[in-house]
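In the two complexes that follow, subunit A is the common piece, with subunit B as its partner first and subunit C second.
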Partner chain A sequence: MAAARGKTQRRRTATHESFLRHGRFLFLRAALILCAAAITAYILQKPIPRPSGGTALGYVLGTIGALLIVWLALLGIRKRAITAGHYSLKAWVSAHVYLGLSLIVVATLHTGFQFGWNVHTLAYGLMLLVIVSGAIGVWAYATLPRTLSDNRGETTRKQMLAQIASLDEQILEAAQPLSRQNADIVRLSLEETDLGGGFWRRLLARYGDCANGQALSKIGGALRGASGPEAVALAKVEDLMQRKAEALALARRQMHITAMLEAWLFVHVPATFALLAALTAHIVSVFLYW
Partner chain B sequence: MTQAISLRLITRQAGGGEIVRTRRIETGEVLIGRAPACDIHLPDLSVDMEHALLRALGQGRISIESLTGEPFQAGGKPALRVELDAANAQVVSFGAYELVFSLGTEDDVVVTVLRKEDDYHPTPGLFSLRAAMFGRRRMAWTLGLAILALCLILPVAGAAWFKNTHIHPDQQWSTGPLSKAHAFLDKDCQACHQKAFVAVRDTACLSCHQSGRDPAVQAASDARVTREGSPFLPLLMSDHAAHAKLTRAMPPPPTITGKVAGVFQMALNHPTDRCASCHREHTTAPPDPNVPKTADVVRPGKPALIVVTDCAGCHSRLKMRLPSTGLIDTPDWNRHPDFRPLVTVGFDGPQPRMQRISVTQHPLEANGLTFSHRVHMSATGGVARQGEVLGAAKGYGAALTCQSCHRPDGGGFKPIEMERDCGSCHSLAFAGGPGNLQTLRHHDMRNILGVLRGSLTPATGPKVDPGVLRRAMAPGGLCVDCHTIRPSGGPFGADISPVHLANRVLPWGDFNHGVAAHAGVGAGSAACADCHKAKTSDKTQDYLIEGIATCKACHGKTEHQTPAFAGAQCSECHSFHQPGEAPRTGQDRLFTVLGLPAGEKPRGLPTLGPQAP
Partner chain C sequence: MSEVVRIAIVGSGPSGLSAAAHAAAKGLSHVLLEKTDHLSDTIFRYQKGKHVMATPSQLVLRSDCDFAAGKRETILKQWNEDAAKAGVNVRYNSEVKAITGAKGDFTLTLANNDTVRAENVVLAIGTQGNPNLMRCEGAPLPHVQYQLDDPAEYIDEHIFVFGGGDAGIENALGLCADQAQGNVVTLVNRSADFARAKDANVKGIMQARDTGRMTILTETTPSLIETGWITVETPQGTARHKCDRIIARMGSNPPRKFVEAAGIAFTSDAPSAFPQLSPTFEGTAPGIYVIGALAGYPLIKHCMNQGHDVVEYICGATDLKPADEPILEAKLAHLPGKLSVADWLEFLRSRVEILYGLSSLQMREFLLDSEVKAFRKGEVIFERNGVGSSLFGIAQGSVLVEVDPKDPKITVPIPAGSIFGEVGLISGRRRGATIRAGEDCIVVEIPRTGALKLMAQVAEARETVNRITTERQILQIFKSGLTPADLAEVLPEAQTMEVKAGQPIMSEGDEGDDLFIIRSGSMIVEKMVGGKNVFLSYVPAGSYSGEMALLDGGRRTATVKAAIRSQVVRLPGEPFRRLLEKKPALLKRMREEVASRRKVNAFVEEQKDSFGGVVDMYSSVASFLIDQGLGEATDVLLIDESLCVGCDNCEKACADSHEGLSRLNREAGKTYAQIHVPTSCRHCEHPYCMTDCPPNAIQRGPDGEVFISDACIGCGNCQRNCPYDVIQMDKPPPEKPGLMAWMLFGMGPGPGEPDKAWREKQPKAKVEKGKVAIKCDMCIGKAGGPACVRACPTGAAIRVSPEEFLSVALLERG
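Entry: the complex of A and B
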């Protein structure tokens, strides 16, 4: 029995495939069939007066779209329950990605290409925002983990932080003999350096105004005008700050990649909630003012 | 005597616990600074090498004075010199270090030096974006609830609050623009959407468009519509037929999709026999105007009037669905039945007996007159000569034309009046006596009889002479020229038949004699003689209407076939909402407006020029 179980596990490992390739692109095929069916029906219909959400096909596509959206949103609940088998999380994610993309076709045909400044187009716009952010997520998950791993090398994130903290201690110690003027430069590095920064700073990796960098450029000038023990201390501090700059750059690259890996979720999840709300308003309002 | 100072230096260890080092300084002066040689050595870069001097002043009082001009913090405020009472447990800060003063047990001042704890300890969590954003979940719920509140709850619950304001939260639910005529209702959704979750019902439409209402009710309705901002008065709509008949006449949907949709619509209380089933709002015609089954009024990009079931839909196999109908099935223009005019076939007493007879059966009319169109329209002969004699001043001057008797009036003709249209030649004057020329009042039969009997003057008068009447009604008599004389059991042995000249002979179709193509104006157009063979008609009984083939010479033809090509849509002659009339074109309505008395507002068109209030 144990041997048999072992074989099964080995087999699973051997046939590992990404969520995109799950079941030989089962859900890609399903999504393509759904899109093809929707497009065919759209072409064959004779809508009166024009294609819209109010025709028979419009209602059908709208119902399919709404059910899909609700089901796709349920991934947020499903992913918290770890199970295995045919309805594994991987299968769900695969279906989530492909059926989610098919919504572009289904929902667009549902609109009949009628758009306006109203709650209905708001729901459509939010849906596109969710889909586009999700597509960026798929790209991020497919490419960025390797980049993240390559950047990190053998260093853990904890070690990166510890290294910066250690360098700060060394700088503090080395700066003890410095005059107030030069000590203030060092304090800039020690007290004003913001490792991560805000959303955009992380996402765009904009650290041109880094306090440690400013301190480094100032300390070079101070060193040229210094002599004796002050110069010795400054040289040591400069060396340590240089090392700190390298450590900061490594950590910040890690944060930048992590931000790119995570940023889409900060749009995807809130936009999904907004979409569910707008979708509710869309459906209720349509039938309320039928 | 100088008070001694005891120093307690407390260093907290990373793993918890403290190391306390004490030192007693008898001189009563303590140097504070970053330099290792200082009594209180504070390795903080914001502290100067020899920053301040602490002095014991006796009686538990101390002073701290900056030596470099750089301040320190005393009681939370920057200071260069302070005097303190050690008994009050005062705190003085230099950078990250705090000096806490107290009185010692050996008549000394105790200074406890502590390093302020740094609360910031970065963890690997710092690498996640979560460290830089406020929570996804919070953001998601905030956004979702905000949209729900603004886009759903506010329009539902806020309708009452915003009733008297310019804000209409439910406008965001509008799926598209309203047609020009209804645009004034753009901010009043509930004018049409009267009940929640119930599709727009006819009562909403008829509240403005109902025809046949009491004039006072109609005026009140018009006033309300005008007050609400309608650019013009609503068109009034009549029923095409009784609703029950219409329902039975409608064919089932031709496709499976349509049938399924029909079942759903029934189940969801969304009937297809409403005004709104045909008249769609909040939508625009698609860019391609060649969309099937749309009316010819559909304009790209404009809100549309849509014909869901076209005329042929009901009028094909109508007899099968509605056996009681007297209408003949008309699947299309090519199979349109020939005309069945309403023919006067005789009289029941004074009332004409009307019967619809197809022109293919060559109906004979018995309208009570004796009249030859051929004689009257001949270019030569007595009638033509009489026209010349009468001259242009009296509207003649030549052989008679159609218009000599049939006087155009809009799209039709004024009813024939004997005195006006015949009286120039057929004088009713007679010699009542020498030098007494009198005229019979043609329409006043009682007077005519009285005069002819000698009992009345042309105005009034008694006396009867049956001989005169007999002569008048005998062959060659005055009446016989024009009137049908029928035998009678009365005192004269004969009687003048009643006369009925029909002004409309096709009850369900409309024909506009006024348009150029029907008035012989322009290439290929139809002149009177093309449809009415009057010039060869000798008998009054001749029914002078050609069959539908005459219409088909132009209607349904292309521009390559005839220069007077014209459409073959049912709406060329039949209006849905005004049975018996043709739909009014913009041109028709314009002429109506131009012909309206000043102050009267037209329906379905903006008012031209200044109008009386």
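Entry: the complex of A and C
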């Protein structure tokens, strides 16, 4: 699109609508029309001997379904290919959600309700897995962002990490006068604390064994038996560890919510690749062994 | 003393001394009268050890005294030697009180009532004896001074230096040079940039600021001086600071009374006006010559040349060309008419309104920076959307403005004497219309920095530019076929006002029917509903306010106050109402506007009754956004955090659209009610970054995007000037493998800004590129528009302009 002298035809603004409401539910309407058309055709047809993928309507629905699956999978490329022309990733996502859901109707009618232990039903099952995981994703995207935003306030990821690092330095400084035994407790917090851990740990937010937490309770115990300068230093360390525990909790909550926002993708994306493979097997076998 | 000398020279500064030395060299009888007991008091009173510069560098020095850039002490010593060697007849402690008589026999009366008689008088007294004074409350207090002799005298003080010229800058630098002195130095400048100061000085203060030795306040004026404290008005509001000493270096004006008493007329009544002079420096009283700073020339080299030349003129030389003559001759050679340089200068000065206040000597310097161009009838001078920020003055002929991009036949003429292209001076926007020569014409093109300098130095030029821009802006706002003639009755009573952030221009319930035009900045409209201040609407620059009371009478229905520091023009109601009677089209337009504003008011009040919380939320979100700089933004990225999943695809898209560097930090920035303002350029109406860009690399694109061109030299001024921290200094990373190579084979770092580790592993480029300033350019030139918005999967990232976003739409969002 050449920018004519005097005026440019660039798109500058996007309407303030979520991906679910995009274009006043444009793609929801499109998906409903597709489903309604498929159901009507299914009811009206007089297939011999019975409804299946091999009838005329079966072919039509199968072709629509296969093309949709391939197109829906291309979202992964669209998202990452930042081209200069006009496109809206939000519109793509909106279409991806609603047309993806419409596959439940289109593909089920394509099967003619014939299921068995074969590659065809495997493809169907994988497709449902992709759709269900995607639906969980839609739920996550629609509900979790507020929690994510409220949790972090105006603190950035970098600041969270910097805060924990700074508290560690202060703890180290404050621990200098401590006895060997108590210093070992401090080392537990400084050296053994695992911020996030693996994906499952982040997703389930299981941090009961947190080294800082353990150290904090041990320091509490040590403080009760201490006196003099040792007690003063211990009290200071306890205070700092308490603050570190709060900072850790904030960062871990953030990682937990982020993990929840990502978890469904760990099913959705691999299942999509499996689906594409099964779909290819399904189509090839149908045409070879027909 | 009854002997009549050929030349009496008053003042022994660079120009007077040079004149005396030349007179001595020529063997003329002369006397050099100096008020103090040493030569060249102005230079003598420079700070100890000050480095004196020798600009303009292309000018040839023509004097019997030597001069090169160097330390104050070296230069004074050199001049003392030169004066002694030439045999200059100096009379110290001789302040001249009056000059009487006529050419051939003047009598100069000194302060001790001695008299000196001379055939000719050369006035070379400069302007330093007459500094501009502080005018705010508390200015007469003893800790306010207009001179700084030795910066080493002050220790452990909070010192405010006022003035954006070289004098102020050098004082401030001197005061903070030695950190052991422990001074806390603040330099205060009334305007946004330091157009009057030398480049090296500007660099010096920027460096001092970056290393934390000095604070710089621009666009700031003093409002109250108390012992130990000072209150200043900054663009962000009023601030009170600790202050033990104030050094005011806000320029100086000619000692007018003394000069006028000698019979010399001035070019105008303005306090900054200079004496009216012939090309041979002769004033309106024959036999009295004026040279140096008093003639409008503050630069030492010019002054010394003039000292030499004036003696030649007095001796009857007629063919003496000024030292800059060859440069100017070459500049003007291509013009039709074949006038002499002096005639061209006078031709331009007497015809272009903004140049009226210049002396012929100032004209010479001015022209060294500018270009004079001739255009044939119908030739295009510049095109709509062309890049350029220079100002044009029409010396002869007229030009036509193509106001309608669709039909080039619809034009508005601009007559000889006026200016055009002034929009670029203010906001750096591209040319708004194509301009053609209406007839054969001669125009003078002044580069943006030259025009700013002219406006800073010559008050009349500043006033003329302001008057013309105000008139044009009013015509543009009201459209409806208004012509300048229609405004003839309204404009003389118009009053330009500076409004501080938060200050109201009208208050709800007040009497008044004046109309306010917002020239720069922006306003917010608030109304008391149910005992609470409710935000009603946002009024951007280039719009007006106050029309309801004007049209319908009655009291003000809402409070209008400045969102940021703004400039408004107050048009009195009565003459404007008469204008409306004559112009039904304008009346209709304004009535429509009022109707739509009433609707908004009614809507807000209605909402208030049904669900008050929503209106509160609307008001508080609006004021949050105003605090985040939306008041001066033209286009800003917002993130609706109720939709943002934190995928950072906006940042990745930004990096992949711009040589691998993201100009946006999604996480950083303030959030309120799930609306997040990330750290990203707001494309201010009056960009701070643009105020001081040495290569003029920051420009505005056709869609209003402020971008940095390849001309960037990486000086970092823009980064320091940006109050929103959206400019970073960086160099583009090496090119990375394509998307498919990453997706299929895992090559390269993938989408987005590559991490440091990957960058460092790449082979170094043969020619290492330096760091340059990087900021959002709104994806200029990309048909799809800003990549951050396109690449957002959930619709959380939106770009808005404040007038669209701060509207009822926000209320409906709930």
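As a working rule, the second predicted complex is superposed on the first by the 264 of 290 C-alpha atoms of A that agree within 3 Å, B and C clash if a C-alpha of one lies under 4 Å from a C-alpha of the other, contacts with A are read in each partner's own complex, and residues count from 1 in each chain.
Methods note: contacts are C-beta pairs under 8 Å (C-beta built on N, C-alpha and C of every residue); 3 or more make two chains touch, one makes a residue touch a chain.
These numbers come from a predicted model, not from an experiment.
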{"item": "Partner chain in contact with A:25 - subunit B first, subunit C second, else both or neither", "value": "neither"}
{"item": "Which of subunit B and subunit C A:119 touches, first, second, both or neither", "value": "first"}
{"item": "Subunit B versus subunit C as contact partner of A:45, first or second or both or neither", "value": "first"}
{"item": "Which of subunit B and subunit C A:258 touches, first, second, both or neither", "value": "both"}
{"item": "Touched partner set for A:157, first subunit B, second subunit C, both or neither", "value": "both"}
{"item": "Chain touching more of subunit A, residue-wise (subunit B, subunit C)", "value": "B"}
{"item": "Partner chain(s) touched by A:272 [first = subunit B, second = subunit C, both, neither]", "value": "first"}
{"item": "Those residues of subunit A which subunit B touches in one complex and subunit C touches in the other", "value": "156-158, 258"}
{"item": "In the complex, subunit A residues that touch subunit C", "value": "1, 3, 5-19, 22, 77, 79-90, 92-93, 140-141, 144-146, 148-149, 152-154, 156-158, 258, 261"}
{"item": "Residue numbers on subunit A that touch subunit B, as the complex places them", "value": "45-54, 56-57, 59, 114, 116-120, 122, 156-158, 161, 165, 172-173, 175-176, 178-180, 183-184, 186-187, 190, 195-199, 201-202, 251, 254-255, 258-259, 262-263, 265-266, 269-274, 276-278, 280-281, 284-290"}
{"item": "Residues on subunit B engaged by subunit A in the complex (per definition of touch)", "value": "34, 36, 43, 45-46, 48-49, 68, 70, 122-124, 126-133, 136-137, 139-148, 151-152, 155-156, 170, 172-177, 189, 193, 196-200, 257-258, 260-261, 264, 270, 280, 283-286, 291-294, 298, 304, 306, 308"}
{"item": "Complex interface listing, subunit C residues touching subunit A", "value": "383-385, 405, 635, 640-646, 649, 652-653, 656-657, 665, 667-671, 674, 676, 702-703, 739, 743, 750-751, 778-779, 781-787, 789-801, 804, 809, 813"}
